[in-house]
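Listed below are the structures to be examined.
What follows is a pair of complexes built around subunit A, which joins subunit B in one and subunit C in the other.
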Partner chain A sequence: MSKKDFDVIVVGAGPAGMAAAYVLAKAGVDVIVIERGKFPGSKNVMGGIFYRKPMDDLIPEFYKEAPIERHIVEQRMWLMDDVSHFSMGIKTQKHNSEPYNCFSVLRAQFDKWFSKKVVEAGALLINETVVTEPIVENGKVVGVRTDRPQGDLYADCVIAADGVQSFLAKSLGLRKKITPNKVALGVKEIIGLSEEQVNDRFGIKDSKEGVTIEITGPFLKGMEGMAWMYTNKNSVSIGIGVIIDDLINHNMNPNDLLESLKNHPSVLPLIEGGETREYLAHVIPEGGYKSVPRMYADGFMVAGDAAMLVDSVHREGSNLAVESGKLAAKTYLEARESGDFSEKTLSRYQEKLEETYVLQDLRYYKNLPELLEEKRYLLTEYPQFLIDAMTEIYTVDGVPKPEKFRKIKGELKSRFGYIGLAKDLYTIWRKLR
Partner chain B sequence: MKKLRIEDKLYLVGYNVDHEYSHLGISDSEACKTCEKKQCTYVCPASVYSWDEKEQKININYDACLECGTCRFACDYITWKYPRGGFGVAYKFG
Partner chain C sequence: MHFLVFIKQVPDAAQVRVDYETGTLIREGVPAIINPFDKHAIEAAVRLKNQFGGKVSVVCMGPPMAEDALKEAMSMGADKAFLLSDRIFAGSDTLATSYALWAAAKQIIKEEGPVDVFFAGKQAIDGDTAQTGPGIATRFNVPLITYVVDIKNVDPEKKTLELVRLLESGQEVIQTTMPCFLTVEEELNTLSYAPLPYLIRAAKTSVKVLNSKNTEIEAEYCGLKNSPTKVRKAFTPPKRERGEMIEGDSVDGIINQLYEKIEPVLKTMGKVQ
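Take a look at the complex of A and B:
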């Protein structure tokens, strides 16, 4: 038996790491969380919405005390070109009462709160410390090296929740090299407005209620990406995430892209006059199921973004992080009963995740990243067709409706060809089976 | 809305700059001279990298880094580590 300072070392105080630490501390496990930032959340950027369910299972009714911005009652989806957007969405009062569905949050504040709960539960939190590498003895992870003097720490098990860069999983050879076609850069601004302005502009009655807008389509000029707007209490988060390979190939500067988004005629009225309070950037793992690494080794598990757990179709990530952190902790608790932290025992962690919606959702979309890489036009030409068709239908110009429908049909044929259309539909159907 | 430059926006970001150590580097600066795209100079959201025509090298303004890691995915020659513990970007909102 080698040295041991703690039962478990958790690397990274994001949602995955803190969910793991919370479960462990509550079960009486001696757990340390190591965070490189000044405080948990200081390096983190929210590029989505915080879903209630996994967190609520962990800390019931957390939303009553956590620093959330607004609960989301309306989610809009826009297909946008340079001058138009075609809007779909759902607004429902079913999401306007407790326990709510999801929330807008600001991560620097939310994660800080979460870390307080984790410390209250009994975990030790160390900030301003970088874990530089895993310590491996006889093929087993026995601890981590940090950038502090005499900074080696030993434990039965290390849970790597060190984010998308995940140097730990990489150094253990669990993960392949991440290529720029499998990651997106998200850039974001927090634009300050008054509560009333946010309410009026987004059609909100009560300052507790919030709206999200996701935007894709031909305004991205053939790049694969998604823009978003989320209402906070007295600000709007506006951002755009684009596959890094596409930025490179289009000679595109991410800030220029964000600025043109802000000045789009559909977007501008929602944020005009607001003052930018913060500018942020973060990378999003978009490789999906096929990029998920083996998530365990002897004495080691990987959770959250570090395990590439992002569902980019439904912009879910932090909820998957919480779920994976919880399951990593539960796997540790089971392993502790037999005192066996071998790869074989910890492989139950990935099996558990396969049984939940986390990997089932990602598996469902497993072919999507490649499909969109092969057929970028799916994100441009079909949305453009829809925008044009809707514009035609809503334009009253004396042209009889049958003629309009013939024209739309003609456009469909000339742009895609019926065979091309059938092929695309078949490919999408086959890839999503 | 007035277009904001990256420089304007970086003023809004909180940093704890490490004056002794750069966490960014380039493993082979010769490679930059023949690099056609020099993508690091435009994909970085903080404009950390700029091409110095006179010196024929990339200048790295590491204290503006937002630690997203885009550059390390965009170029294999960029050596990227986390800043030392406690240093670097510190978001207020996130």
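Take a look at the complex of A and C:
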């Protein structure tokens, strides 16, 4: 090799990049992290859910010092139409004691804290610098070019953790073509309320406890998407993500969708009177397992969103980012022993990921994107049926119960047909097997 | 040559809001930045260093978080950074601040060698007094050149340089000897996009902390007790009301209406009887 400034260059200081840098720095590797924002998290107002497990393995009991908003004790799932919602969920004290299950965080603060830990561990963090291209010599990635004067850097290995758009993975031809039917556009707001308002409105006793609500159903007018609300300390994150193709076909604007969500009779009382503090739009990769690219090349690995590691069914992303960053770092450490950073050695990275829940979860749902694309009605008609059935059952109007149940059964038959119902169930079972 | 730049960390004015009930600034959650004028001072010093050789030192008095400002100064090309931080400075006015910075500068000279050009910003965007630079210069008893918009004909041998000052009615060109003290305007230069090696060096270099223990600073000149300036009141100027529109059918009519309005004012000014 001609030149070498560092052992490893990590591009992007999101959860994936920082997890990788943390593991490497702790192992004494000379690692540099390049981030284009003013500081890590500066461009990220994701008030989102951060999962404990992968982070806890990295920095034990991190939640005792990290800036977290609330630990989540209740998760609700709403099926919603224009006037009603049918609610399910789980609230459990098992999630109300250490080590907790997951947390609401404001990424701008959380990422900044994480980056401090990474720097303390010994990594160099360079902000306000954009990586413009990989430097490739003899088919091997040997470094990156940045937009700064004298901005070339050389290393044994580059880890691309540069998020959904991953310019690096694209320019190396690693990414599969992303089509607008596999990508969602997410818009979200942080709505400021007082701590007491959040507690009262979401039925919380202690300001440390939090609630999440995931919302889908016919209010989306047949589009595939998901809305959510998360409680922060003194604010609520509210957002909605919809597949871009659907937005185009329905001639819908995500801002209008968010506005109508905020004004929905089930939602409005929870956020009424609050002041919008921040607004963000961001792309979410939802192609699932089938869109996961080859995650390695000579001297190169891809982690996190850059590798399309998002589980949209369970709104998991940041945890998969941390897990993949860690594994990329571990793969580097193994490769270092033999001094061989070739594609062949680094392919162990993807093999390892396949052995973890990260790719196993994604693989489990691998047919889901196609299924939902083919049968959009699964997202509207069944939820609508449930809402109507529940409304019927809870309405006391003198109609005898047996008749109500007969009516519901009749609806089921006329809306789906017993054969249709059996077919749908069979398809879902087949696709998820 | 050795250049020493005084930089202040200030709240980003663009993001400061006013609490109209108490009349005070809401600083909470507002990001801190390097005083904009001081950035141009750093830029000028780094350019001179690149042209004539030597080094650039920066010093900032402030709380521990002011380290961010010094790190940023290093990523702009400064070589040595000093944070002057001690509880005894709490509540310092410009007199006490310029004393403390002067004492710190003497310590820096002891460690890094004599300074040829001292730099400060024209003024700080929060305090706005424009007194700190002159206060330090006076203590060093060196020529003070304020409102600098250009630096020319630097002669390291003869130890002279020419400076262009911005005046109300034009510009003034001054030749002076080194060491000297400049306070600078934003027009002095345009900030450059720093090369990557500067950023890497800044990330690798730590800031040295100066305090009352490792510097010869006498506590009797520092802090609130030794600050003669007392802020009696801070208030926000009343919002300007919208101008009144005078309408009419004829020019004469409008002029008459206008005259009626301003007549009392003209009377108080003695312009009419």
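Simple rule for what comes next: the second predicted complex is superposed on the first by the 430 of 433 C-alpha atoms of A that agree within 3 Å, B and C clash if a C-alpha of one lies under 4 Å from a C-alpha of the other, contacts with A are read in each partner's own complex, and residues count from 1 in each chain.
Please note the rule applied: contacts are C-beta pairs under 8 Å (C-beta built on N, C-alpha and C of every residue); 3 or more make two chains touch, one makes a residue touch a chain.
These numbers were taken from a predicted model, which means no experiment stands behind them.
Visitor: Between subunit B (first) and subunit C (second), which does A:S338 come into contact with in this model arrangement: first, second, both, or neither?
Guide: neither
Visitor: In the superposed arrangement, does A:K43 touch subunit B (first), subunit C (second), both or neither?
Guide: Touch status of A:K43: first partner only.
Visitor: Per the contact definition in the header, classify A:I32: touching subunit B only (first), subunit C only (second), both, or neither.
Guide: So A:I32 only meets subunit C here.
Visitor: Can A:R148 be said to touch subunit B (first), subunit C (second), both, or neither?
Guide: So A:R148 meets both subunit B and subunit C here.
Visitor: Quick one: is A:L124 in contact with subunit B, with subunit C, with both, or with neither? Answer first, second, both or neither.
Guide: second
Visitor: Touch test for A:T395: subunit B only (first), subunit C only (second), both, or neither?
Guide: Neither subunit B nor subunit C is touched by A:T395.
Visitor: For A:N251 in the superposed arrangement: first (subunit B), second (subunit C), both or neither?
Guide: Touch partner of A:N251: subunit B, not subunit C.
Visitor: In the overlay, work out which of subunit B or subunit C sits against more residues of subunit A.
Guide: Of subunit B and subunit C, the partner in contact with more residues of subunit A is B.
Visitor: A:Q93 in the overlay: touching subunit B, subunit C, both, or neither? Say first, second, both or neither.
Guide: Neither partner.
Visitor: In the superposed arrangement, what residues of subunit A touch both subunit B and subunit C?
Guide: The answer is residues 127-129, 146-148 of subunit A.
Visitor: Going by the contact rule set out above, which residues of subunit A touch subunit B in the complex?
Guide: 36-39, 41-46, 106-111, 127-130, 146-148, 164-165, 167, 178-180, 183, 185, 187, 189-190, 235, 244, 247-248, 251-255, 259, 262-263, 268, 271-272, 276-283
Visitor: Mind pulling up the subunit B residues that touch subunit A in the complex?
Guide: 1, 3-6, 9-10, 12-13, 16, 37, 39, 42-43, 45-46, 66-70, 72-74, 80, 82-86, 88-94
Visitor: Okay, in this complex, where on subunit C does subunit A touch?
Guide: Of all residues in subunit C, those touching subunit A are 193-197, 199-200, 203-204.
Visitor: Residues of subunit A touching subunit C in their complex?
Guide: Those in contact with subunit C are residues 32, 124-129, 146-151, 153.
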